[in-house]
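Chains: A, B, C and D, in written order; residue numbering restarts at 1 for each.
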Amino acid sequence: MSINSFGHLFRVTTWGESHGPALGATVDGCPPGVAIDEATLQHWLDKRKPGQNKFTTQRREADAVKILSGVFEGQTTGTPVQLMIENTDQRSKDYSEIKDKFRPGHADITYFQKYGIRDYRGGGRSSARETAARVAAGGLARAAIASLVAGVEITGYMVQMGPHKIDRDRFDWDEIVRNPFWVPDARAADEWASYLDGLRKSGSSVGAVIEVVARGVPAGLGAPVYGKLDTDLAAAMMSINAVKGVEIGEGMSAAMLTGELNADEITMGPDGPVYSSNHAGGILGGISTGQDIVLRFAVKPTSSILTARRTITKTGEETEIVTKGRHDPCVGIRAVPVGEAMMACVLLDHLLLHRGQVGENRGHIGESPA
Amino acid sequence: MSINSFGHLFRVTTWGESHGPALGATVDGCPPGVAIDEATLQHWLDKRKPGQNKFTTQRREADAVKILSGVFEGQTTGTPVQLMIENTDQRSKDYSEIKDKFRPGHADITYFQKYGIRDYRGGGRSSARETAARVAAGGLARAAIASLVAGVEITGYMVQMGPHKIDRDRFDWDEIVRNPFWVPDARAADEWASYLDGLRKSGSSVGAVIEVVARGVPAGLGAPVYGKLDTDLAAAMMSINAVKGVEIGEGMSAAMLTGELNADEITMGPDGPVYSSNHAGGILGGISTGQDIVLRFAVKPTSSILTARRTITKTGEETEIVTKGRHDPCVGIRAVPVGEAMMACVLLDHLLLHRGQVGENRGHIGESPA
Amino acid sequence: MSINSFGHLFRVTTWGESHGPALGATVDGCPPGVAIDEATLQHWLDKRKPGQNKFTTQRREADAVKILSGVFEGQTTGTPVQLMIENTDQRSKDYSEIKDKFRPGHADITYFQKYGIRDYRGGGRSSARETAARVAAGGLARAAIASLVAGVEITGYMVQMGPHKIDRDRFDWDEIVRNPFWVPDARAADEWASYLDGLRKSGSSVGAVIEVVARGVPAGLGAPVYGKLDTDLAAAMMSINAVKGVEIGEGMSAAMLTGELNADEITMGPDGPVYSSNHAGGILGGISTGQDIVLRFAVKPTSSILTARRTITKTGEETEIVTKGRHDPCVGIRAVPVGEAMMACVLLDHLLLHRGQVGENRGHIGESPA
Amino acid sequence: MSINSFGHLFRVTTWGESHGPALGATVDGCPPGVAIDEATLQHWLDKRKPGQNKFTTQRREADAVKILSGVFEGQTTGTPVQLMIENTDQRSKDYSEIKDKFRPGHADITYFQKYGIRDYRGGGRSSARETAARVAAGGLARAAIASLVAGVEITGYMVQMGPHKIDRDRFDWDEIVRNPFWVPDARAADEWASYLDGLRKSGSSVGAVIEVVARGVPAGLGAPVYGKLDTDLAAAMMSINAVKGVEIGEGMSAAMLTGELNADEITMGPDGPVYSSNHAGGILGGISTGQDIVLRFAVKPTSSILTARRTITKTGEETEIVTKGRHDPCVGIRAVPVGEAMMACVLLDHLLLHRGQVGENRGHIGESPA
């Protein structure tokens, strides 16, 4: 039940502070026999590494992941896997001036009120760096998924930056890895580059919407009501730092549809049911249909901006705060691999749960009963 | 860890099918000494009862809740409380024609694929009636919250029906209980009445957005990262039947904001910190700030409509389906008390978790250290 | 995580008080497609029913179990199964005199200290009647086990009553159901009948040791360290009312053995490994070996005896207490089917966990690697 | 729910293999504001360190614990604490000869059957070294308990080695730390020294019984039925490597008592209830009474002995095995601090659970109702 853990059978507990000696993830329940090594996990972390371009945090760090347990002769043993990333670039002095002030929009004030103690260096645990551990865990989850089911692909990309949305008609999967924003629309990539450059120079920041799609997921994952696949996905995405909304399929727009427009009609194909559309986002009644699972989450803008904001100190004095140093004009960019990692962790968890609860799907449409 | 349970210390497991003998909720972890009786719980259920007006399901039922355990001499004992609601009005024959067809947009097909067995009568467990159990559990949670903290108020209301949104400038708390939609805008109530009447006559249906506000919640609830208050709230709302999106505070719109516009500045008041705005929706870093907790969730339209839809049978034959009988033109209306109930359950759970984990808030702003 | 629930994937939450309207078990995670009905569960409950003989409580009750959910057309659906047993024979007046006194050896005093409220009628929830719900859940578990693995047999029997132990040389499986004590030793059955008769007449009571054996359990169940099969079995048995000790295999006597005597040597048979002995009780490193799983638990004597005992009242006054009315001279007799039920619940849970975590055993001794 | 985690609110997940790079414990849910540092934890580890005397494993290692997260400026922050112990002395070659044979009495065979992969070096995860992580976690738990409740003392000691038991009449608390066996009986210490020396020379091994007492524990800890304090204690002790039996209070001997002899009578003292005896071991109905909590667990003899034993290889060939190198003639000695650590972890967990569930005890005997 641990409050800092996530998952049921595939369980991830992240630990570590932004400016502590290290951070990591204790991953329990990974199925045995999964081939994994540090290089594979590093690949996923590098996707997230800041400093790749001028749009993300200027902070340089190695982000080198080590596997401390749970892997023997290149395979998981089924025992807990400890992933550790040492913090090598901390520059604590950037934050020392503001150790008694609460940054608006950050968890500084709520952490202090709750715990009476706050690691003020770089946001402590609530910092976006905590997500490095999640990305590492997600890399392990991806490998495990591949060992269980062939053909599952998880892809995340930005669909909105500030007020700017992509043009779905120009959607190009291949474009995603060609620009610094993981946006599947080449024109948007150009426009957003200028836009964000302007924001960065003015010390401002903006939010974003990230969409994550999982293709090739078998039908049947998720258990009714509270163990729903979409429930766990919503929780996973909402747990990412700075996320304020989550949608599955049509999402908030589902409210606007009528029943006729919303229903995904069903016909029969050679391999099973075929759906005429995917308003449901691949999940019906909390269980995967076999269609693409489509979700989106919104990330609010970074609060560490160079404009002075009114706030108070620990002792209740009113003051102003200006956060200098490194900051992200759009944390949404970094959230793309994190969203993918969470999708991977939840899907793996549900693949194991499904196998445990029912073994394999028991209802075969079109076949005579066993 | 049960997949059909919800909560950590205050844990609710719902059980029962729409057309089974009964349904209910096993509520575990309710603090002892809470004054509760069946009449109090019934009040919350009656708020949900269909047949109140012609806009909700025509199905008549008593929805009478019984307390079978966990209460002695009018107080909770701290042991599991079993709440049961017997099904008295079922009219199974309404559905018998379609027992081999999968209704598009429903969990019929996914349940069958996963379990190989499906209670086709009225949607079985995925039916909206399962929420009666949640509303009963929510009634108990409200009573428990009141025994722990004075002044917490939980109110839900509709802010959108189909394409129609309320006018926030006409927002009137008192209007909520005066119309059949729980909408805080008298003019919208009139407009929506006509709109929905038209939909009902044509056999169509529409979605909705419900907003739930919790006032008077103390700061400090929620634990960092995965045990965040917003994570549990998101999961709770997403678990409601037909929900496709969840937002906290600005929600999906947070993406559009710049850092300056999004930050809720902090000043000092006589009783503690005062926020200039509430874009955060009352939660920062997963922990409550003491501000109003504001969330919204979107409900997709009912799929049981009187228009024929293409689908397949269990044996894979293509066919059409028309669901006659009773249906909701807008299930969103019924989701309002359910959203309130889930808010109550999650808040109680976090009040207990907070008390267990830290006792009481340890950081007092403005006071000299203890 | 619920504190009143048990199990991981197959999860049982019992509810209900001895003198409340009903008691029962919410069973979540039962695999779908298991054939079950009330008569089958009733069989297991009848094994437990008091009044069968003069040695158990004189309390007469129907103990009729009802299935309120989770079963459709004779099969489990995979959704929560609600089992309910209504209390029909309560005779509250037996206890009313002592509602302000704490019975020594009972949970009366600790319940009151913790909760400030105590259902004094018949021991409330801590009463042995709560185990009726467990036995019902165990009946469901047995059916589910049979649907997963053929040939698993779970048998419990008494091996000690007070100071009297069975003679292992006279062990006879068939004798177990032929006497009122479920003791596999006909001579012991005779001796114990006289012994217990004497105790009953004098209003005294005595403890017992129950042994439960599970045969035909496949190797591989249990996860290392905390998710060990013996860990869960120990917890399950210790949770039974009045249990004070649990042993696996050699149990406490393992301390006396030397390494040579304790080691179960391994040879190879046609179907796999063969062990020369079973000091381990069928579990090595927390994982089943495929041998008989053998455990024992000790039940302390009933504290409700007809001799006056010194105690205090709720207001702290010293007094004496004599419990009249119905009582068990040896609750151990009733614990036999409960021990079997707990064994069944834990084994089913681990069969599902095993399937979820690894699928099926991956290491095949004697075969060339896959 | 993680299978390798332990606890509800204070949750410990151990990780790491005997011969991997490191091992450790992820401790989640430690209350904030607890003063802790590496030296304090090291104290508890040193108590466990092998090589202290010739009776424990000859393996030398630093066993230096590092705190990687969750502590800031000398206090816990309430976030996960990562404790890591690097493996510095491994001598893998000791085991390489036997990498394809299963040591009788070890988890080698069951691990292989379940996972198909086995870290054969030194017993991998099932090795007793895994308990170093538990002892470190226990050190943190002790500090947290002290911050919550004054006066709780947890002490473990041996009461039996092989067939030799201590003489309770010679019980001396001060003797415990003066001999290499933590036995509270000076004469037994002498006798056992000779006895064990003989065993060691012959390459044999023997089991032990360890008793752990917790004094000063407030009444009210534990929740009814499955969340019982004794249930969690039993699970905790049974999870220790090589444990085969657990007892609370009278334990297995409770079976032999009559009701009159077993009942702990109650009188009233200046500070509350006073019990005439403690057959219950400090727990009634799963809830602590305020008396000393007394438990015992039995450890089976080490299976790594210098005598040849019959076994099989991974490929099913019959063979013999002789384990040379380092081994423990009595692992029970090392289990003493582990038992203490588990007691500390469970008690802290229940202190937090109690606070979360009920706040503080609500029933005050002798006082007028609030």
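Methods note: contacts are C-beta pairs under 8 Å (C-beta built on N, C-alpha and C of every residue); 3 or more make two chains touch, one makes a residue touch a chain.
Note that this is a predicted model, so its numbers are computed, not measured.
The rotation relating chain A to chain D, fitted on Cα atoms, amounts to 180°, rounded to the nearest 5.
Counting C-beta pairs in contact across B-C and across C-D shows that the higher total falls to C-D. One finds 38 Å separating the Cα centroids of chain B and chain C. Here the spacing of chain B and chain D, counted between their Cα centres, is 44 Å. Separating the centre of chain C from that of chain D, both taken as means of CA atoms, is a distance of 25 Å.
Each of the following residues of chain B touches two or more other chains: 1-5, 8-9, 14, 29, 32-33, 78-79, 114-118, 125, 223-224, 353, 357-358, 362.
Taken in their complex, chain C has these residues touching chain A: 1, 9, 29, 31-33, 78-79, 223-224, 352-353, 355-359, 362.
Contacts from chain A toward chain D in the complex involve residues 1-5, 8-9, 11, 13-17, 20-24, 26, 28-29, 32-33, 66, 68-70, 72-73, 75, 77-82, 84, 114-119, 124-125. Contacts from chain D toward chain C in the complex involve residues 1-6, 8, 14, 102, 104-118, 125-126, 130, 160-163, 199, 204-209, 219-220, 222-228, 230-235, 237-239, 241, 244-260, 262-268, 273, 276, 279-281, 284-289, 296, 298-305, 307, 309-312, 314-318, 332, 353-354, 357-358, 361-368.
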